[in-house]
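Note that the chains are named A, B, C, D, E, F, G, H, I, J, K and L in the order they appear, and that numbering of residues resets to 1 at the start of each chain.
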Amino acid sequence: MRLLVISGPNLNLLGTREPEIYGSSSLKGIETLLQTKAKQENIELDCFQSNFEGALVDRIQQASGQVEGILINAGAYTHTSIAIRDALLGIQIPYVELHLSNTFAREPFRHNSFLADHALGIVSGFGVMSYTLAMEGLLAHLRQIN
Amino acid sequence: MRLLVISGPNLNLLGTREPEIYGSSSLKGIETLLQTKAKQENIELDCFQSNFEGALVDRIQQASGQVEGILINAGAYTHTSIAIRDALLGIQIPYVELHLSNTFAREPFRHNSFLADHALGIVSGFGVMSYTLAMEGLLAHLRQIN
Amino acid sequence: MRLLVISGPNLNLLGTREPEIYGSSSLKGIETLLQTKAKQENIELDCFQSNFEGALVDRIQQASGQVEGILINAGAYTHTSIAIRDALLGIQIPYVELHLSNTFAREPFRHNSFLADHALGIVSGFGVMSYTLAMEGLLAHLRQIN
Amino acid sequence: MRLLVISGPNLNLLGTREPEIYGSSSLKGIETLLQTKAKQENIELDCFQSNFEGALVDRIQQASGQVEGILINAGAYTHTSIAIRDALLGIQIPYVELHLSNTFAREPFRHNSFLADHALGIVSGFGVMSYTLAMEGLLAHLRQIN
Amino acid sequence: MRLLVISGPNLNLLGTREPEIYGSSSLKGIETLLQTKAKQENIELDCFQSNFEGALVDRIQQASGQVEGILINAGAYTHTSIAIRDALLGIQIPYVELHLSNTFAREPFRHNSFLADHALGIVSGFGVMSYTLAMEGLLAHLRQIN
Amino acid sequence: MRLLVISGPNLNLLGTREPEIYGSSSLKGIETLLQTKAKQENIELDCFQSNFEGALVDRIQQASGQVEGILINAGAYTHTSIAIRDALLGIQIPYVELHLSNTFAREPFRHNSFLADHALGIVSGFGVMSYTLAMEGLLAHLRQIN
Amino acid sequence: MRLLVISGPNLNLLGTREPEIYGSSSLKGIETLLQTKAKQENIELDCFQSNFEGALVDRIQQASGQVEGILINAGAYTHTSIAIRDALLGIQIPYVELHLSNTFAREPFRHNSFLADHALGIVSGFGVMSYTLAMEGLLAHLRQIN
Amino acid sequence: MRLLVISGPNLNLLGTREPEIYGSSSLKGIETLLQTKAKQENIELDCFQSNFEGALVDRIQQASGQVEGILINAGAYTHTSIAIRDALLGIQIPYVELHLSNTFAREPFRHNSFLADHALGIVSGFGVMSYTLAMEGLLAHLRQIN
Amino acid sequence: MRLLVISGPNLNLLGTREPEIYGSSSLKGIETLLQTKAKQENIELDCFQSNFEGALVDRIQQASGQVEGILINAGAYTHTSIAIRDALLGIQIPYVELHLSNTFAREPFRHNSFLADHALGIVSGFGVMSYTLAMEGLLAHLRQIN
Amino acid sequence: MRLLVISGPNLNLLGTREPEIYGSSSLKGIETLLQTKAKQENIELDCFQSNFEGALVDRIQQASGQVEGILINAGAYTHTSIAIRDALLGIQIPYVELHLSNTFAREPFRHNSFLADHALGIVSGFGVMSYTLAMEGLLAHLRQIN
Amino acid sequence: MRLLVISGPNLNLLGTREPEIYGSSSLKGIETLLQTKAKQENIELDCFQSNFEGALVDRIQQASGQVEGILINAGAYTHTSIAIRDALLGIQIPYVELHLSNTFAREPFRHNSFLADHALGIVSGFGVMSYTLAMEGLLAHLRQIN
Amino acid sequence: MRLLVISGPNLNLLGTREPEIYGSSSLKGIETLLQTKAKQENIELDCFQSNFEGALVDRIQQASGQVEGILINAGAYTHTSIAIRDALLGIQIPYVELHLSNTFAREPFRHNSFLADHALGIVSGFGVMSYTLAMEGLLAHLRQIN
C-alpha cells in the first residue's frame, strides 16, 4: 500500500514561522517521523510540498492509480482553492484533511474549507500529531475497505 | 491520570439510529473499547451519556479537580448549547471535540460548533475510531505538558 | 394501532396563558377530546407533556417499536431543538408537526422549525382543532401505507 | 354557506406532473371529492384553477360578498405574489393556505410564503387530504364564529 | 399632449378595500377627477387598470409613440415585477411612480421598488392627491423639456 | 396657518453644487418662490437652513405649538440622523419628506431614510418643484383635518 | 422532430426596445431565420411569444407529448417565475435557456435564474445568434440521445 | 410583597468560575445579601437556581399568582431559550433582566437576548451589585403601580 | 469626588415629548433629584445637555482630569456616534450608559450602541430611576477601586 | 484571423475525470476537432492548457496583438481568479466564456464568475459542443465588426 | 497655491488620547510641521479642526474658489458622515483622505469610509507622517494637472 | 539597509494595460525611479515581479533575514491570497501595502484586502507616486525604530 502526504504553502517554513501557533518541528522532521511510522506499518509513503497551487494540482493528478489514500494539509489553499478540490474529486481517492493548528480558533476566513465536505475525515489542532493521527485513521479506513 | 468521556443526546441510540451515518457499534461497545485502551495506557476513564443539556452541564462541572482531560461528543448540542460551552470554559480542563460522522458533509446547521474554538483539537468522520484517535491525541498533549 | 401525542414547554399552561393567542381550552381538555376521538377510530393514544427538552427526547426514544405515528406540538423547542429533531429521525416513525396558533403570524424567531423538513405534514392555526386535524391526517396516511 | 377553492399554476397537471411529489390524483378528482364532502356538510362549493396570476386576483375579488371562506393552494405564486396577498386582504374573508407536498422538505425558495402570516391556518404535506383537512378546519372555524 | 395613467392590481377595489389605508374614493372617481384636471390643462388622458401583469406590460408597450408621459401606480407589482420595469425602459417615456399610501410605513416587502430608480420622480402618501400631484410634476417637467 | 420649511446640510450651496443633479436655482430663489405661493394660499411660512444636525434639532423643537406642518428636506442627514427623527416625533406635527433629486437613482446609502416611515407623504425627483408639490400636498391634508 | 421556441415578455418589442442592448432585428425576423434553418435541418418548429406569465405556462404545458425540445428566452420572467420553472419540470422535456444580451453584464437582479439549474445548456450574449447557437446545441443533444 | 430571583446555568459556580469576569462572590453570598436587603424593604424573597432549562420554566410557571415581580439572570439561556421567554410572558408578571458582566463587552453571541424586549428594565455589568440595583428598580416600579 | 451627567439630543424635551415612552418628569426635575442625591453622597455633580454631537464631544473632552466618572444618556447619538465613543475612550474615565426607556422594546436601529462595549455597566428601562440606579452603580464601583 | 483557446486547471484530465459530468472526450480530442473546424473557416488557432493561474495570466498577456478573439474555459479559476480577469481586461480582446457542464446545476460556489460580466457571450452545458458553439459565436461577432 | 488641512473630532486631543494608537505629537505640533514644509514648497496652508460635523461642512464649503486641494483626516466622521462627503463633492476640489492609524487594523465599523471612493488618494497608518505624505502626494498631483 | 519591492500579477503590463486607470509608466520605469531614490537615501533595493502566486510566496520567504522592510503591490492577489498574507506574517518584517489606483473607486471585489490589517501603513491612488510615498513612509518608520 502507498500513501501520499501533501503539504501546501508556507509549510516549508515550519519551525521558524510563528512557532507559538505551529510548533517547533520542521517539515523535514515531520516527514521523517511519518516515514518511520510507515515502515512499521509496512507501507510506502510519498511526501510533497509546494507553494504553488498549480503544482499541488499537478501532484494530486499524478497520484491517480499510484496511491490508495492521501493526507492533505493544504494550508492557506484550504480556504481558497476550488482547483485543488476539483483535482481531489477528479481522481477519486479517499483523503483526510488535516491541520496543525485548530483553524476554528483563528481568523474567520480560516473557518471555511473547500475540502471538508468530501473528506473521509478531519483532524486538527494536535500539532505534529495531527499528521500521525490522520495517517492512523486513513489506514484503518483503507484496511477495512480493501 | 483520569479522563472523562462525554456523549450527548441520541448517542444512546448508537447502532440502531441511521446506521449508514453513525455505524453499527453501540455506545456500550465503544465505551468497553475505550476502557480496554485506557488500561493499556494505565489511566482511568469515566464515561457519561445524557439527553439532558442540564445534566451534561452538571457532569462537566463535577469533573473540576477530578480529571485531567475530556473527550466530548456533544451530538446535537454541539450546535446549540452555549451552556455546555460555558461549563467547559468554567472548569478550564483541556478537551477534544469529536464526531463519529463528518459534520461538514451534512446539513448546514451542523457546520457551526459552539465548542470548536476553545477545543484543544477536533477529530471527525472516522466512526468509532474518532473516539480512539481523539483519546490518543489528548493523551499525547497531556503527557507533554504535565 | 397506537399513536403518541407530545406537547412541549408551557403547554401545561393552556387556558390560562395568553388566551387571545392560544384559546381557552386546557391541555387536559384537549387530551380528553383526543381520547374520545381515538376510541371512535379504534386506536390507542399516549399523551405526554414536559417543559424539559431532555424528557421529550427520552419519551420520543421510548416510542420506538411501540407506536406507529406521532403528533408533536413542540412549542418553543420547535425553533431551537436539534436534539428533538434527532430523536424523531432516530426512531423513524412518521410524525406530524402541529401548532395551536399560526406561527407565521408571530415573531420572526418562530418562523424557523427544526422539525418541519422531515415531518409527514404540518397543521397550524386552528386552535384545538389543529390536534384533531393532525390526527386525522396522520391516521389516513398510516392506514394507506400499512 | 358557500366556500371557494382556488388552485394556482401547474395544478391542472396533477396526476401527470412529478407524481412522486404530488401524488396520482387529478385536480378533477380532487374537486369531485370535495363536492361530495360539501354535499354531506350541506354547503356549496366553487372551484377555480388558473395559471394566470391576474386571473386568480380577479377571481378572489369576485368572491367578495359571495363566499364565507376560501381554501387556497396558490402553488408557485405562494412564494412570489404580493398581488394575490393584497386581493385576499382586500376582501377580508378568512382563508386557509394549503399545499399537497410539505414545502419545507423542498427547495429553499419554497419556504417563504406571502400568504401565511394572514391565513387563518395552514395545512401541508398530506397530499389530496390537505384539501379535505383544510376544508374541515375552515368549516369548524366559520361555524363557531357565524 | 397626451398622458397615460396606469393602475395595477387590486386598485379596482378602491373605496371598498381596507379604507383605513387607501381612502374612500373609487378608482372611477379618481379618473374623473384627473380627466377634469386634464381638460383644464388642455391635455388628453388615457386611463387603464388591470390585475394582470402581462396586460399592464402590453398597455405600456402600446403607449410607445402615443403619449408623452406616464403616471404609474403599479400596486403590488411595484415590488415584484421586472417585466413592467423592462416595458417602461423599453419605450423610453418619462414616468412618475405614485402610491396612495406611504409604502415606507407598511410591511418591509413594500419598501423595495423595481420602478423607482428610473422614475422621473416619486409621490406617495397623499391618498387621491398623490395622483394629482404626480400629474402636476410630470406636466411641469414635460413642458420644460419639449 | 403657519408652516415651517427645513433644509439640511449643503442645501445652501444650491445652484452651484452639482447642478446636473440639483438644478440651477439657489435656496434663496426657492424660498422666495415658496413665500409667494404662501401669500396666495394666505398662510405664513418660516424657512430655516443649517449644516449642523444639532441646529436642525433645536429648530424643530422650537416649532412646537407654533406651526401646523413641516416640509423637510434633510439632505444627507435623512440617511444618518435618528436625532432629527426623534425631534420630529417628539413635537407631533405632520411633516412631508422631500428631495430635489430621486434618491433611489443614486448611491445605495441614500436609499434608507430615518424620516420616511412616519412622514405624512414623500415627494422626490422634481427639482425645485418637489418643494411646491410637497407644500400643496401638506396644505390639502391640513385643511381636510383641521 | 419538432421543437418549440418560447419568447417571453417584451421580446415582441425587439428592434425598437433599447437597440444598444438587444440589437436591431425584430422577433418576426428571428423566427423567420429559425424556420429557414429548421427546414435545412428537416425539423418542425413552433414559435410562441407572450407577455403573460400564465400564457407561457399554458403553452409549455401543451407542448407535453408534442415536441422533443424547447428553446426558451423567458426575458424578465427568467428571474422571477417559479411557475414557468414548474411547468418546464412538469413536462420533462429538455430545454435550453437563452438570452440575447449577457445578463451578467447587467443589473444584479438579472444574475439569478429560476430556469438555469435544470436547463440542458445556456447561451447568452450573442444577440440573434444566441437563438441559432442554442438550436444547434439542442439538436446535437437530441440526436445523440434519441 | 414577594419577589422571585432566578439564576440560570453555571451561576452555581460563582466565585470559582472565571473570577476575572464574574467576580469572587458565591451565589449563596449574593442570595444572603438580597435577603438582608429584602428584610429592610419588608418584602419576601424566593431564590432559585438550576442548570436545566425545563426546571427554570417549571419554576417560572409556579410563580404565577405568588409573586409580584421577578429578577432573572438567565445566564447562557438568555441567548437561546424561547421556552423561558414564553414562560415569562405566559404568567404576565413584570421582570427585570440582569447580568453580572457587561454582555456587550463579550462574544457576539451574547449580544442577543430573547428576554430583553419584554423586560421592564435591564441592568448589566455591575457584578453582584447588578442584583441589588435590579431589585431597587423593580421595587420602585411595583410600588408606583400597585 | 465629582461626576458628570451627560444628556443627549431631545432630552431637553422630557416631560412633553411622547410621555408614554419617556415619562412626565422634565430634565430639570431629574437633575435636581440627582443633585439632592449627590449631596447625600457628599459628591459634586456637573450636568450638561445638548442637541449637538460636537458639543457633547467638547464637553466630554473637558471632563478629563476633572471628574472621576460619567453617567451618559446619549439619546439618539448612542446608535450613530463614533465621535462620542472616541471622546469617551480618549479621556479614559469610567462611564455608565443609561436609557429612560428599554431600547430593546423599540425600533431595531435602537438596538445597536456604539458606547456599550466599553461601558462599565448599562441601565435601561426604569424611567427617571435609570439615572439614580446608574449613579449608585457608578459610585459603588469608584469607591471600591479608588 | 487567429484565435486563442484557453483551458484551465484539471481540464487535462478530461475523459478520465468524473465522466458523468464532463463527458468522455479528451482535451486532445477537442483541440483536434477545433483545428479541423478552424481550417474550414480559414483561420488559425492556438490552444493552451495549464493548471497554474500564473501561467494562464502569462499566456493571455502574450496574446496581445497576436489574436483577435479568445475562447476561455477557465475551469475552477473562473470562480476565484481576479488576476485572470485583469489579464483579459488588460489586453482588450473580445472573449467568450465557456463551460462543458452547466455550472448552475452544480455547487453554489460555481455560480459566481469573475469573467462573465466582461465576456462577449457565455456558453455552457453542451459538453464538447460548448467549444464549437462558442467558436461559431465568436467568429460571427468578429466578422461583423472587423 | 493654497491648501486646506481639515482635522475632525477628537484630533484636538492628540498627544494625550490613547498615545499607543495615535502617537505623542499634539495637533499644534503637526500643524507647525506642515506650515514649515509648506513654506519650503512655497505654498500657503489653512488648518482647521472642529468636533462639530456642521462646522466641518461649513469650512469645506468656504474653501470653494479659495484653495486648490484638501487634506482631510475626518476622524470618526469618516465612517458616519454623508454630509461631509456631500460638501466635498459639492465644491469639486481634489482631496486626499488620511489617517494616523491603520483603520483596517481596528474595529470593523472603522473599515467603512464615506469619503474614500471619491478621494484622489488615501494614506493611513504612518502616524504624523500620514499628513506629510498626503501633502506630498496631493502637491505632486496638483502640479501635474495645473 | 535593504528593502524589497514586490509587484504582483499583470503589473508587468504597466504602461500598456488600461492607462486611464494605471497611468503610462512601465514597471521598468518605476523600478529605475525607485533605485535612484534608494541611492539618494543610501539604501539597497531588490525588485521582483511575477504573475505566479507561489513565486511571490517563495520570494517573500527568501527575504527573511535579508531585508528590513517590504513594499508590496500585490495587484489582484491582494483580494484573494491568504498564502501571501501567511508568508508576510511568517517572516515578520514590516510591510507597506500600496496600489497605483484608488481601489475603493473600483469594483466591490477590490475593496477587500487580505494584507491590510497587518500592514504598517497603506498608500493608494497616487499612481507611480504611491511607490515613492510608500517608500518614504517605510523608511521613516524603520529609521525611528532601528
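Here is the rule we use: a residue touches a chain if its C-beta (ideal position, glycine included) is under 8 Å from a C-beta of that chain, and two chains touch if they have at least 3 such contacts.
Only a predicted model underlies this, so the values are computations on that prediction, with no experimental measurement involved.
Asker: Figure out the least number of contact steps between subunit H and subunit L, where 1 means they touch directly.
Answerer: Between subunit H and subunit L, the shortest chain-hopping route counts 3.
Asker: Is the contact between subunit B and subunit H built from the same residue numbers on each copy (over half shared) or from different ones (under half shared)?
Answerer: Different, since under half the interface numbering is common to both chains.
Asker: Please compute the C-alpha centroid of subunit A, do the same for subunit L, then give the distance between them in whole Å.
Answerer: Comparing mean C-alpha positions, subunit L is 32 Å from subunit A.
Asker: Would you mind pulling out the distance in Å between where the CA atoms of subunit B average out and where those of subunit E do?
Answerer: The mean C-alpha positions of subunit B and subunit E differ by 64 Å.
Asker: Whole-Å distance, subunit C centre to subunit J centre, using C-alpha means?
Answerer: Going by mean C-alpha positions, subunit C sits 56 Å from subunit J.
Asker: Quick one: subunit J and subunit K, Cα centre-to-centre, how many Å?
Answerer: 47
Asker: For subunit B, jot down the residues that touch at least 2 other chains.
Answerer: Counting only residues that touch two or more other chains, subunit B contributes 52-55, 80.
Asker: Which chain pairs here would you call touching?
Answerer: After working through each pair, the chains in contact turn out to be A-B, A-J, A-L, B-C, B-H, C-D, C-H, D-E, D-G, E-F, E-G, F-I, F-K, G-J, H-I, I-K, J-L, K-L.
Asker: Which residues of subunit K touch subunit I in their complex?
Answerer: 8-10, 12-13, 16-18, 50-55, 75-77, 79-80, 109-110
Asker: Given the complex with subunit D, which residues does subunit G contribute to the contact?
Answerer: Interface residues on the subunit G side: 52-55, 57-58, 61, 64, 80-83, 85-87, 89-91, 114.
Asker: For subunit B, which residues are in contact with subunit A within the complex?
Answerer: My answer: residues 102, 104-105, 113, 116-126, 129-130, 133, 136-137, 140-141.
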